[in-house]
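There are structures below to look over.
In what comes next, subunit A is part of two complexes: it sits with subunit B in the first one and with subunit C in the second one.
And then the complex of A and B:
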């Protein structure tokens, strides 16, 4: 018997009585023998045995011996053997299942044993369980304070917007750019969203856009910022309408002083209107989060702002309005107000605490100051909420939702003259000139109601306003906001014309939203939803409007007009709308009332479609030469590769056989370099006309330092190009005689090619016949034969690409085999690069890989619901385009071929370059 | 239940002189039983004694023995027990005979019977005590075991009623 078995047996027989006898070897009368003679002493406590039996029976010893034996037997009977479970001690008919976890169901004699055993098992179990955090009950988790803590924890990595919870219930959320953003709604509403954009109104939360505030003297600011831009690309920061503060501008920013190369990306900007007696100006630059860090670094370099300021509020531009948020005004407070203060004092976890934002850490500074130029850069990310309303009826949604702030004169008079309110609006009401301004703004806002479509206004119009809390006049049911044109009277007609033609006068663009102190005060004094509901409950007639409006219920907002489709001839003004800028914390207060006016809500996906239909480049997607665009391409490649690898190899398209070199990522740089060589060859052929020189040219090409490719943004060159590819307009559109600058000729063309050797140009493409362009579809130049085919039949289907051979497939098979037989170490590196159906990394010549010469790729493509045919946005090399155009006959100029990556079929497309 | 079944015989060894009692041991008792069975039932009986026969418990003070036999043929072996007349141990022959008190299916029933039997014995003894000292001892012993017993079952009443009957 093994030691363990002996041990087990010992344990089992622990309570069983053993023999009581004297060992045979020892003498009986030895006192020590008693201890030695006992095998297992159970009588020790009883101790009632004599050493030697007397000859006669004495009652005492007899009784003691019996008693000791009884005790031993009792012990044996009562105690269960060690190995058996407590419940086994019970007869079967008395056992119950529930006994195992409620020991009170056991007979009392077994209870403490069972309890002990239970504890033992729990201890063993808790050792495992302790590693995972103890979960609170659902009720505890859903308690308000705990829920907020949980929310704060969950948005530590990716910041939530204010409308996050609303979105999370209805959208597929993606984690992008340090934020949690709604990508697309969970219900099917692609077409309804498009209809909303073209007929009514689509709402988007763009609060993730980053705002950078520049503060300084006008000439110094302009001097600094002029290094970042060029007049070639369009109006700069200094354009007169924008500088006055009446318009929002947008432009492409470059690295300081490096205009044609090193672009950073697209920004929109807004100047604060001039204030009397102050030379300081304020400028907001709105940028995409992927662009922000690059832009901020560049701005700091340009403005010589390197000193981080810990926590400095910018200088007040308005010396007259100084709200004092510190002073308490108990007299005027509604009950809910007081509660909030108390909460703050007791330092509870504040409700919507925004810890930093998605693009920077919590601890990094937000303000930089320059001692040389006096410019202050302020990072206002997440300080402002930006909602975008797209669609022709967005103005009627706005006028329906918002109401110009009512005055609170009565309350002002009640106040003691010495007592100053902490709220900014009552203070403001005392100032008559400001009230007059407010009245003008409100009038303008009313005239907005009579406008027929949002696109009637001049692009980028800014309207400043102070509005009442929109939650106060929330409709009980969702209603569709409709325009009320018939209300427009004769007087209004005049005003309306003035508004559409002249825009908003400069002084009306002045807003309190620019003031940080006012913003903070408005954010801090927001009435919580709970209090508002209590006030609603106390209203005498249920459902009636709350009156008077509580003092805190005034919010300064900025309405910024977003231009629709400005370029091109078709659908001008499509997709125009308004941007709504709010102080932080008020997001949901405005969001829900807007949604109640029957708008659709779109996600990131819809903003991409909006840009596509509007024919404007979308920021990280259509800027492949910007650092942000390059990063986006990396991400997209990884994502597409993942998607491809998820399919079984037999179900993947074999891109090698399809003759598609880059289905995942467009090698723009390689394409530009190849076309540079091609154009040089062609040029030298032309000038020298000798085959001897041709051989020299590659050598010459090798000596030239490889440049980085750029996107052509110079307006004059673009205008020229757009003229050249115009002659036959797409879809039979009427040809419009734009001032014919210079006809396409060899000299002009070569001059343009010379100027933009390494450039690609952004083009809009529409298919002539059927077909739906896809991402990374190839754009090729048609041969003369193809064009003849097109001339014969207008809706020709286009040529076919002969299938290619896949030389890599066999190599993959071989490497797999060799891996099995030979040592795996040397082959893994080679075979891991090979994915079936994808070209391994050093690509062959991109431009001449297929039967048609490659010019570029598509970056976005879809069936356009507005045009009724496939439409795509993409890039084409300038030299390639010009060489193709020169060869083409006049009536087919600007016709190219498009081939989807997973297809062999070429389709005819029309190129549009719109300036 | 499916198991190997046995019979446990609870026997009392009665010796002529009480001093012999302390010299008993289990191996000697087992040998004596085997010898007696062999004598009565021959080789066949002796062979049966090799199958699952053992002395489970022996108390040299009280002379109580637990014998285990296989259930299939315990009656055969049991029938030889009256012919056991002496136990040979340490070179001595102790004249004795076995008195079977109880036959049980498990050792536990035997133990339970023994408890009952012993307490009964003690109770029976109590009124017959000659002097006060002896009485005190017996009473103490009864108290000792009845306390333990009382914790488990209330058998005291039953015992007392038996006692009453005796008187």
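And then the complex of A and C:
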């Protein structure tokens, strides 16, 4: 009997006559003792009831025994059983509502008991409360200052974005990368979000992306940065369009000078347009928070920037020294009842809220400079707010929400003496050339209205703008922003053509957002919500635009176009949109007006789906060769293992029986090593139809060099592979640029394999028939037999994997038995390394474990709503892919098999490599 | 699904060396679409597109529909219109218009540092717009 059961029983029998046995030890003799009285229940030690009735009864003892029994019974009847509440003692028809609240509703005979019980519970409650901290009243807790303190306490470990509270009310929040981020909305809106992405607009807060600013002379910066990149992978930092500042670029960064190996990750970058009379350039590099520390260290090494500059930089006053005024001052002003506590909290964390950054500690420096090269590295994390709008209508949402800043000449002339230095916009209005530029930018922004879809624009265009505070004309109701092409068409057909063909001219990309002093001034002088509400109250027509625009209501912003799907032929331009860069502190001021224009808001999982539909690798997920990717894999493995262990063992899929070696984590390194061995053996044999399985030695062998696997990113090799993957005789598909690529031949193939021995290549896979690929599904090479099956029937179901045998199950059972006898310290260590249904750690040969030769794994897979079939993204070893392709007949080139980890069924898939 | 497709027309030769530039075609410009506009493409099954047009006409909501085709899809648009007319036993009439659509191509240099700016160029493609309508329009329509 378990402990809980025993306890329960004890409680039930507390008021029962515990032992009604009349002890009769003093009577006749020991053997008769148990028969003296009646005994409740069946006594174990008695060994059963007496077989024969007693021959005689002693009157005295008998009467005494019966008297004891009767007494016990009476006692039991008079007492209410303790387990039931007083009210339960009443029959149902006599119970009344809220009896426990008011004991007078009880019949009088029960009132005493009820009162006593009530008192008892009161005492218990007060005791508990005293044990807890002295809680403030709700009213006190919700007071603004105290609330802020509480918020600051709660984000000590994981920083909140500016839109956190908005998100926390609507999203499942996750703590990731030092931030609290919205993962997915609490309401069911997977499909609406997808529709928003493909038809209207989806909004995301990407402020957690880290921005690193580089300051220096152009040639020195380029010389330093060129060590991190390679022209093989595409445009670099030095590409002409990006360097002019008109376009945003993106690239993969490597460790300095180690190009094919040691990648760091994906970054996007933006140059500040050249300013006249200054050789200094400014560059923003945006990176994922998991990548930031690696990148920063590498940048410092490359730029020789090792001197950390203390809180004040030589150029501008650093923002960390001056915390955001409104919040910190309010926090300090709170007349706290508990002064002691208040003092402790208000000094540090209220400042930290503004400092907020999940990727570094508050005390670490944010600026480094180099005396040799003169380059200054500035960590601008959380200094800028970045919102992403995805979808063809995102520009109409923007044009609806934002209005180019109005001039304030009249006003500033009147108030010149008071406002000369504090605000940047009135100052600017005096400069005629700058106002001209502003006018041009505003015109360009108006031209956006006549465009129907965001994908019509040149990819990566940057448009700088100064806008009025968007809170000034907040619609009273949520409205759907729609393009108004027809009205705008006649007006500026010419301009529209110019914009779509040439993009934004260089001088229009110059923005004040690059200026730290302007950013700070804008952040500091933001009108509080309270003042705005007061202004709204005074407006004659409710809901109309607030005017005149207050002087501090101008914000410099940058609009950066995000290209949609660019590679491949299907769904071109899907998922294009705009990024909105704002100075910090203005997040909510722009967020709510955007939401009021009928956008949907997506979380982290939507950005994953966005990338999946766009067929681009998503940063930490699809970069297994980067340190950030490895870290991500560790986390994912732990998470998946936890999830698996939560299910009862009988309800888990037995991955050993299913022939799935790595359902939780893909051993890329092992796979690459194995394929390297296989291809070497093949080369030595010079025959390519020998059984592959026998040639693999299960554990690497001594000949393998300890080389790290890499992801193939060289464009020329990718282009070659992509050509070879396509079936050449398929209907409707023609080889593009037939002349440039050599056809698949043994010599060309072996040359490529030789060049990329330890490489895996990122592929997009689409299922030919039904099926939904899942995470870590296996990608295998079909046999000739399978392909014949496919040739016979186009939508053929794939082959089946014969079930494997689980040799570990018996071992686990044995170890469990031994655990019972062993000490508890022993058993925890044993159970941790053996999980039912998972292969223990030294895996056997992964490539030849199943009946089909394994080539790679899927890293993301789902039913794709845009393609209408299952689609997956994954990696395949280069040598494995080429060896498979060579063996395949021409019409089935690029057909592979996919098997989900929890299934034995192989399905046919088509490989696409898009360059 | 109803995107006016940009068919792979090899009619215009690439002037640039294909090794130095990658050609990327942008989608043709989209315009607001009414309910009775049908954009014909080469990807969707012909029968499905035909059935769609028939449904629109037989549903009674529309007296006329517009079938648009661009480039390679012109043929198919004509086919659909003619099939509609043939199956209606003379109740439907056609009015065809042709137009020219400007398409935009991006040319991205392979070696972005030296070759300089990526280029955009425009080229033209033909399009057809066929109005399919009932012969005797009912006067009740307001």
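Basically, the second predicted complex is superposed on the first by the 688 of 915 C-alpha atoms of A that agree within 3 Å, B and C clash if a C-alpha of one lies under 4 Å from a C-alpha of the other, contacts with A are read in each partner's own complex, and residues count from 1 in each chain.
Quick note on the criterion: contacts are C-beta pairs under 8 Å (C-beta built on N, C-alpha and C of every residue); 3 or more make two chains touch, one makes a residue touch a chain.
Everything quoted here is computed from the prediction, not taken from an experiment.
**Student:** In the overlay, answer first, second, both or neither for which of subunit B and subunit C A:109 touches.
**Tutor:** First partner only.
**Student:** Which partner does A:77 contact after superposing on A: first (subunit B), second (subunit C), both, neither?
**Tutor:** The first partner, subunit B, only.
**Student:** For A:456, decide between first (touching subunit B), second (touching subunit C), both and neither.
**Tutor:** second
**Student:** Considering only touches as defined above, state whether A:240 meets subunit B (first), subunit C (second), both or neither.
**Tutor:** After superposing on A, A:240 lies in contact with subunit C but is clear of subunit B.
**Student:** Thinking of the overlay built on chain A, is A:66 touched by subunit B (first), by subunit C (second), by both, or by neither?
**Tutor:** In the superposed model, A:66 contacts subunit B only, not subunit C.
**Student:** Looking at the overlay, what does A:784 touch: subunit B (first), subunit C (second), both, or neither?
**Tutor:** Neither: A:784 stays clear of subunit B and subunit C.
**Student:** Does subunit B (first) or subunit C (second) touch A:140, or do both, or does neither?
**Tutor:** It touches nothing on subunit B or subunit C.
**Student:** Could you list, by residue number, the parts of subunit A that touch subunit C in their complex?
**Tutor:** 231, 234-236, 238-241, 392, 452-453, 455-456, 458-459, 483, 485-486, 500-502, 566, 572-573, 715, 732, 734, 737, 739-740
**Student:** Mind listing the subunit B positions that touch subunit A in their complex?
**Tutor:** 17-19, 21-26, 55, 57-62, 64, 89-90, 108, 111-112, 114-115, 118-119, 121-122, 125, 129-130, 133-135, 137-138, 140-142, 144-145, 148-149, 152
**Student:** Name, in rising order, each residue of subunit A that touches subunit B in their complex.
**Tutor:** 17-24, 28, 46, 48-49, 52-60, 62-71, 73-74, 76-78, 109
**Student:** In their complex, what parts of subunit C are in touch with subunit A?
**Tutor:** Going through subunit C, the ones touching subunit A are 8, 18-19, 24-27, 29-32, 42, 104, 106, 110-113, 116-118, 120, 122.
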